[in-house]
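The following blocks contain the structures, represented as structure tokens.
Below, subunit A partners subunit B and then partners subunit C, in two separate complexes.
Up next, the complex of A and B:
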């Protein structure tokens, strides 16, 4: 009986991530490596954040509920900052790796573009943070009970799954924007990414008032998505072209093979 | 998220071939879940059995409805997944006994070959209120809620979510409960013992699924006998016996105030009184005090002792037994009348008849001057369920069973959770400290002491004592302390002072007298040490000598047992003054001979075993509607499929979508 809820929630939370990994990452070994390494970087950041929170709780008065709530907010903020710090570190590492790859490749060009790396690393951050935030809830959704005996919302599993889906998307978009901003040294973009991450994290403290947390978070998702789309080279013109380019299919196919080098920026 | 609602206990898991097949296959390790429905009146059952739209139900049953009629209704439907019973307060006035109407039927002496007119309680139904629920097979777990607060939490959850509104069912989410009590054994003793024994033959880590009920009988003699040798065949011994175990429907609850404690406390007091009489060591006959364990489950203790005596594995033989006196439920006497039950079949034998007459006369004479009247039940009636029946099965022995009832039991709560101190009117004034309560002499204690006095005097005379018996007197204070210890609180200062230091941790608070599989149980230990304390002597031995008496020749190791007990607490410090007690108190194994003989399907000997189990617990939570679950699943699937399609198309058109405009100025890297 709980299996329906489990698979439903898993589909909501990880359906997009699964589709992205299967269709855009799994086929290329280099992307898979970047995905796994990115997840590792995120885990290290979580480890450090939890250490900070754990120590602060140990050192503080555990009876004081207000203080403990404050520490939780503090811990979440620290965690966000650490995640962004590790995203930067991962960017630096990938840059170094890319130079190496370019050196050993036959044509002297890197086999993967920075944008693709940004996208895959963002996705890896999203997947791993989604897994960590929802796995316990998914385990409990197997049943036999649901939330609510103390008056909480029965939609807890559903909203948690949607929140996780938003998190996966947001991390992917942040990854794209962040890497681009680092590359172009647009520090205000970095600031915006960190700020929106902080806001998202802060909004979850409004739970279980789900209207107040989920709606703004999805607004942020849409905004970030649009920004990332344009950052990645998308434009309304392209969308229109894409929608009306049924006739251009044949041309597209021929270009398919050369897609990667075409997309890869030249001259790092 | 989920709230644990602790349980008072689950069904005791003992079962034999007579109550086969409590296999709970649906349980597995997940526990049983159902929507809670509170049943406080019989009419409420209709919802559970017929009307309710959300089966299976977890029934929270009021204690007053916990009877055979209701339980068979619940058993007969698949709409019930479990039962939680709230304990009734006060105890049901009409009586309640989950035991049989004819306790231990088929394992006593009466059968087709021996007094067939008495077999299967044809003449007298001993326990008319007995519902036999303990011997029914239920395929759902049954828990007891002892704590009224827990019951209230569950009822509140029911009130908030599950109350039917105007004929239609309540709306989701509903409050549900899950009970965990997985039993590893299935079908019957024959099956589970075979499985366990196959495992222990071939496996390095045998997974035992059930264990035979096993404990120890406690026995001692007035005059010391050589425990390793054999008693002279000409030596006559009078055997006094009581049972020390009880039972209730639920695990870990077996107060047995009337069914066990009243009689064994009287027995202990009589042993003490007799031991204090002068000249007892020179009496021509010996007296043996015997406390049988596991009698509730088809006479485990007594059948084993008879078996051992027949097989020469016991210092005494059956031929040594001069006569037999059993104390059996003695606290609820009308007008202080104590009834003497005898076996009409063996009394047809002339020599037995003479000895029985003599026995009855001695007992009646002993009551002269005491506030107890002994009356003969006569030929009309067979023996009530008693250990004596197991001895009669083996040999015609003159004997008498003393009880407070002439025909059916006066005890309305035989083998139930309501056989509490209140049942035998052990009540204390308000505001006493534990120490004061321990010493407080209740009326029940006085009346039991009188019975003990009569028994002790009769034993003195039966043993051949010629002196005046008026000096033999049981002490009501001792009886009070024992009643407190065995009924109210085991962990009291007196029990602490008379036990070995290494078993002081066993003393729990609330006493219960269920024979278990890990032995000896508290009751056995405590009866052993109380008996040693009441009948033994303090000897001047060092700790070393007391713990290793075989190293000191003067201790006569074969005749006596030595115990180094921790003594009472010094009033001004935390240290104790330990000492050495010498007594004749010994333990003998109370494991049914059926397991010794590996006859697991025996109808001669008790074959009760207890299933192994992992954990027993319960929790309550809300369950969501099927619609919400299906909506969740549908949304999940739609999102997954849409993601796959969208990703596929975006990926296919990635070069168009993310193409960099021709203007090279836009590319900064």
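Up next, the complex of A and C:
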């Protein structure tokens, strides 16, 4: 227990997110701003959803357990719908910002493309959503205690970490697909994204039965990942080319490549 | 310099660029209001060259130079570039401020979560005389409002006093005051902080070692902050003293009073900076008329500070169009109360000195820096620290407040880029922070997807 579980679970939950942020977002100020603003939008959606749930709980009969469970499911559904709504709102904002940046810049193109913004905004939703789900659990995992001593699953920390990782990936993929769908006005894609989000959220209600919740969620992650990859312009051909290019470029270099290097020593 | 030459070669009229650059460098001393327009045209040119020098986007710079060949086109090109520069620099400046604000908050939250001392109640400051230990809610609320009134009036009085001292040129008094308060922070509060940290981790340290460490830390801090030092060391010291000050506030301000004070000080900041007769605004204008930088000890600067200190006739003639700014007032510190409140303004500063044409020894990387007053750091950290100390939702609330403050800062910088004058940095961030704190704390954890 203690530090090992903390670092392990933190690594599982946020390792990919941290790597993605460090490699793709941290170097560009504009992307960092989009990341933080996305987190803000998600927080506002969570705030509104909490408000709705809170009011509904206050107005209801506290004693009725089934009703409370029903309200919880309802609260989760409202939360999902509001998150998607705010994702749409963020899309609108970023689109306007994109046009503004394009107008202002000298060559008429904005410094960041809408696809990059889609990716960063999806990542931001994923990170903040993952953080909000797991950070208190991680904090508790450092201290003394026994997991599941009252009969709950002893794998709680581990599964929460895996769930968080899935969530980060899912939000990233949903972001890419969603923005592309809004851009191309393919509303069935939007509907599918919202539906898959609802399904994922619903699956978590199966929770101590982790085989039934985590496995389908990971299947959804893989499917969404492939969909997002193809939406972003990738293809199997690209993947093969990328894998074989490394070989080709290596061989060319050893043969004494005479191509002009990209960065000229003068004037950059 | 290589890039500068290249660009001159590639355009039709290299002489025009250079001559216009030179002439743009010595505009007359502007007053606050109309100073915004004249030097900016010049700055756009200098910035263009500077941007080329720093190698950010050579293609756009080249385009800019070729398009600048005819005068009317140059005007609109300048304006467009000005805006683009603002936006491009804008994103970079936002990050230049996100990092220190985040670091300060991390230090404060880490200390609050680990060192028990700063969450224990041990008396109150004399600036918050009313106690909150009353049984009834109404009485408690009343006491916190009264505490706020006392605190804000002290701050107002101190600010006005400072403005008067500045107006009547009592520089020695002001410098003495600032030196005394930073001495207190760097030595006494650091000693207390170090003592508490050592107690928490049960590490023994003998007095000679302690004296050596504190002496070195404090002495280097005084030198870096008040005189010259490496920029990053100065920034680090400023972050540390802001964190220390915030910790003291978190410890000594009673619960409800702290929140009401946070709200009230944002309103005060708004008024002091934007109202025509506000003390901070008057301070800014006075400083501008005299072409002096103000109190570098109380402002966090993200750009090269030393260039301001260098005596350059051009710099004196130019007069920065946007002021750097801040104010602070500090009071005498008792061992239980630090008083150091600053109201802050955020501003963009022009890269004070003349550029590359006349002095080749200038840095190529002279970028426009952004300045943020230390009081902003302090109050942001107080908000996040209090959220970490007392929230029931714990880390969720802390993180929500953190994101809210960063977004507020981002929006403030956006407004700064739009309005181009000194702006208060507290209101938007503190408002968002308070809203998120109270809602995340009270609406319960909805940790469902």
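Definition applied: the second predicted complex is superposed on the first by the 245 of 268 C-alpha atoms of A that agree within 3 Å, B and C clash if a C-alpha of one lies under 4 Å from a C-alpha of the other, contacts with A are read in each partner's own complex, and residues count from 1 in each chain.
Assume contacts are C-beta pairs under 8 Å (C-beta built on N, C-alpha and C of every residue); 3 or more make two chains touch, one makes a residue touch a chain.
If you're wondering where the values come from, they're calculated on a predicted model, not measured in any experiment.
A.B. asks: On subunit A, do subunit B and subunit C fit together or clash when superposed?
C.D. replies: Here subunit B and subunit C can both sit on subunit A without a clash.
A.B. asks: In the superposed arrangement, which partner chain does A:27 touch: subunit B (first), subunit C (second), both, or neither?
C.D. replies: In the superposed model, A:27 contacts neither subunit B nor subunit C.
A.B. asks: Kindly classify A:242 by the partners it touches after superposition: subunit B alone (first), subunit C alone (second), both, or neither?
C.D. replies: In the superposed model, A:242 contacts subunit B only, not subunit C.
A.B. asks: For A:131, decide between first (touching subunit B), second (touching subunit C), both and neither.
C.D. replies: After superposing on A, A:131 lies in contact with subunit C but is clear of subunit B.
A.B. asks: Would you sort A:139 into first (subunit B), second (subunit C), both or neither based on which partner it touches?
C.D. replies: second
A.B. asks: Examine A:12 and indicate which partner it touches, taking first as subunit B and second as subunit C; both and neither are also allowed.
C.D. replies: In the superposition, A:12 touches subunit B alone.
A.B. asks: Is subunit A touched at more residues by subunit B or by subunit C?
C.D. replies: If we count touched residues of subunit A for both partners, the winner is B.
A.B. asks: Give one of first, second, both or neither to describe whether A:107 is in contact with subunit B, with subunit C, with both, or with none.
C.D. replies: second
A.B. asks: Regarding the shared-chain residue A:59, is it in contact with subunit B (first), subunit C (second), both, or neither?
C.D. replies: A:59 contacts neither subunit B nor subunit C.
A.B. asks: Note down the smallest distance between any C-alpha of subunit B and any C-alpha of subunit C in the overlay, whole angstrom.
C.D. replies: Minimum C-alpha separation, subunit B to subunit C: 5 Å.
A.B. asks: Both subunit B and subunit C contact which residues of subunit A?
C.D. replies: Common to the two interfaces on subunit A: residues 267-268.
A.B. asks: How about subunit A: which of its residues touch subunit C in the complex?
C.D. replies: The contact residues of subunit A facing subunit C are 29-30, 32-33, 36-37, 39-40, 43, 46-47, 49-51, 53-54, 72, 75-76, 79-80, 101, 104-107, 111, 128-129, 131-133, 135-136, 139, 167, 197, 200-201, 204, 266-268.
A.B. asks: Within the complex, which stretch of subunit B touches subunit A?
C.D. replies: 1-3, 33, 157, 173, 175-176, 178, 619-624, 626, 628-637, 639-644, 646-648, 651, 653-661, 667-669
A.B. asks: Please give the residue numbers of subunit A that touch subunit B in the complex, ascending.
C.D. replies: 1-2, 4-5, 7-12, 15-16, 18-20, 22-24, 114-115, 140, 143-150, 154, 157-158, 161, 165, 183-184, 232-235, 237-239, 241-242, 245, 248, 252, 255-256, 259, 262-263, 265, 267-268
A.B. asks: Looking at the complex, which residues from subunit C come into contact with subunit A?
C.D. replies: Its residues touching subunit A are 2-3, 6-7, 55, 58-60, 63-64, 80-81, 83-84, 87-88, 91-92, 94-95, 98, 393-396, 399-400, 403-404, 406-407, 410, 436, 439-440, 443-449.
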